[in-house]
């Protein structure tokens, strides 16, 4: 396994798509020194987007979480989240009524601006569901798993409505050695139980890449060959980027341990164009 | 779809295997009049066993729940539960240490008699797990789904131990129109997340049928052709009974609605030998 | 289930995306009278694209197959096939060497124009595979299933290369009552056996819809709300269109039988905006 | 990973269950020196059974294949094959008519003795199928994959009959570096396409173990604790033996490479009681 230098790799592309977790930040916060990478990109006219399977907050709140850590390099308009696709879906496909959701109030707040009423599953009255026209799964927090997942199953037996899964991840790290179950895994359990087809947004699905691709500045001068997708996870970032036709760089600062990378690439058949230690560029 | 009369069907067999839920009882308790069926069986020298995917209690407690409803026809030694298989597994394969479990204290009580120490997941200390040699999933009650399922995932990342799923059902009915998620569905979610192979006990698996078959009285005079398996669910009772080589009767008093039976049989290819309205035999 | 009139539905949209098989044609050829539908669209300034999970030929050959039946309404530049996505993938991601393929010579002919050498699996020499840099599954015809599928498995054990499935369908109809296994189902079997992740192009995946969306004429004046996706299959056309944010019309002239539509919609949770008998518009 | 000596391990058990392929023989024939292992067992009063996912021949033909290689240690009555379970199923559950099959004539020959007529799929006339009452998948040889698998799919759309898969393996080795697709993988593809539930016989399913367990001589003096299951595959031999309550020994002479064993055990959670290089016992 040959490691490439991130700066040398990035120099060949006009636009960089970054995954957030495991690439720019980890469970302790932003990677120390990440500001140098963004300074180098600015100095070298590299454009960028952050593509994240995160539906717990809107892009403004996501950017603010960087600001609070003293990093101002990523404005909201550079953040493309799976929550934005959920919101676009509701905007295009659900014209009235109430959207029930699993997640925190904060996660639903971002959807509300579509004009639909949102209602946490905990407040749904199963004897009065005629007005509920969609269900969105946003976050693993903000509800009682036992009570509210059972309620979700029974809601979906009463109402034949679209179910949108706005974060397809199965787990996320909460410390060096521990992980937590993400809403994507919960969604799969519910989908199996009710036997219906849910609508999933998030990497590796092409739609998140397309959402960023359509927003490129100077789009006329950028082709897919000019874009590099950088991520820490073969199953989302790398296969998604590959399929969309982008070159891809796997970084070893997150989900994929250095000692496992080679064996994982061989066993999954998901092949990144490059492997880099991290996206850090020394000052 | 031709309905058969249960009494006429049963008359042709020496032994009847009954599923419990949806056949002998439902969410409201025992089927009114079920005692006449058992009286008829006694009068006609029919032997029987109850085969149940229930690991929430031992056979004694299961029998007592019938006694409390005034029905004394089913003694403990006629009840074969998936919990008994879990207990046999621990007895044969786990020789010392602690067995962590998901379920109520009551469900674990039955396992304790194997000599192993049992510990609810809620009381597991993730920094001190060297003594935990197995995990058993018994019941969907008795633990906090969010905290304790996350803990379960992290336990299984630290310890490579066998995981026994003692109830393979995905859901169970709690009222006429509502269902609840059973531990079997939770187990599938955890199994996908940790990527390991769990050990499942319960219909349709052959081992539950075998457990009953081995306990037959007058075994020498009973062949598989003399046994009828009666259940309300194609995917567990009927396919399991068929595969074990038994004749099978689907009853319409539980999981399978009369209007859906024919279409379900055609679409799944799971074909019962008979279809009966219920096991009730008029006095 | 309320049936809508296709003409009245189509009148509300600027652009119509059509599935081909089951919508415009069936196993006997083009739907008699389909030319009136396209005449009406031309007279009413409706734009259209045909989106097809067909990688057996290029768009030119697909259009010619309509010409041969005397229908000149669909020029090649209106046909978007999953084969085009496979070709784009190879163009962007595979820069040299040989592409092995499963399919007819005809299906590979279209890929060849990318500059890569193509080689049918039957001609692959398993002792000399260093030059093979991708495998594409195009069509269920053109190879010996036994010999060549075994060869495919062994090729993928020797070479860790991307595998592109250019038609995700599991089956296709060959007469009123018979179907044939399509390459999509074969691909799933091979993927399970080798344990690798293949790259799939075709509905319901967003990328095919995007490919058409990016080619829209007068794109500046067309939003997703102006586009109707018409298909005969819930699992590809309708859920794909829904997820992409389009209104959708299920037609009953193909895969979905009129008597099954309602029960299928309820059991799958895939809900079309409209249901129409067919796309035929009387002269 | 600590390797145990097979002779020392075996000394602790009264009965040994052996997998055949990868344990007693490989693609080149019987393991050289295997006769010494059986001589040691005879001298030490060890009983044994061979449990094999092989439905291509009956036990007599399987034993004869050993005789032809000059090894007379395994008589037919010590061989338990998944084909025997298929035969028992037909005997118990299919009382008349024709059984269609995928496999060689030889594989069907063993079923014929049940009194049912057997018919290779190639000779099935799809316009005259009313008499076909079951389908058995026996072997990957003996039929044209393209023509006859398509015929199989169409037969199962016309007739709602039980489908028995008598070999659950996905692949088998044909030389040092090459494998072939086994009927088990083909069965999964067909099952997905027709959407029905097939009946599978073979390890890891309990029924094959039970079949051997029931045939034990001196059964009264043998408990599950006295039996060792020996196999080369975690997913069939080892997890099946574990679940049935037996101690298990993984051998590294077949499917599981020495360098992969530890990582596979850790990643699958399938834990053998012992790991041995092979079952060979020096003279």
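Chains: A, B, C and D, in written order; residue numbering restarts at 1 for each.
Here, a residue touches a chain if its C-beta (ideal position, glycine included) is under 8 Å from a C-beta of that chain, and two chains touch if they have at least 3 such contacts.
Please read these numbers as outputs of a predicted model, since none were measured by experiment.
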### Query
What is the chain whose Cα centroid lies farthest from the Cα centroid of chain C?
B
### Message
I'd like to verify one number: the distance from the centre of chain A to the centre of chain D, where each centre is the average of its C-alpha atoms, in whole angstrom.
### Response
45
## Note on the structure
Cα centre of chain C to Cα centre of chain D, whole Å, reads 40
### Query
Mind pulling the chain A residues that touch 2 or more other chains?
none
### Each pair of chains that touches, named by its two labels
A-B, A-C, B-D, C-D
### Query
Mind pulling up the chain C residues that touch chain D in the complex?
126, 140, 144-146, 149-150, 153-154, 157-158, 170-171, 177-181, 185-186, 188-189, 192-193
### Message
Applying the document's contact rule, which stretches of chain B touch chain D when the two form their complex?
### Response
88-89, 92-93, 156, 160-163, 194-199, 205-207, 210, 224-225, 235, 239, 242-246, 265-271
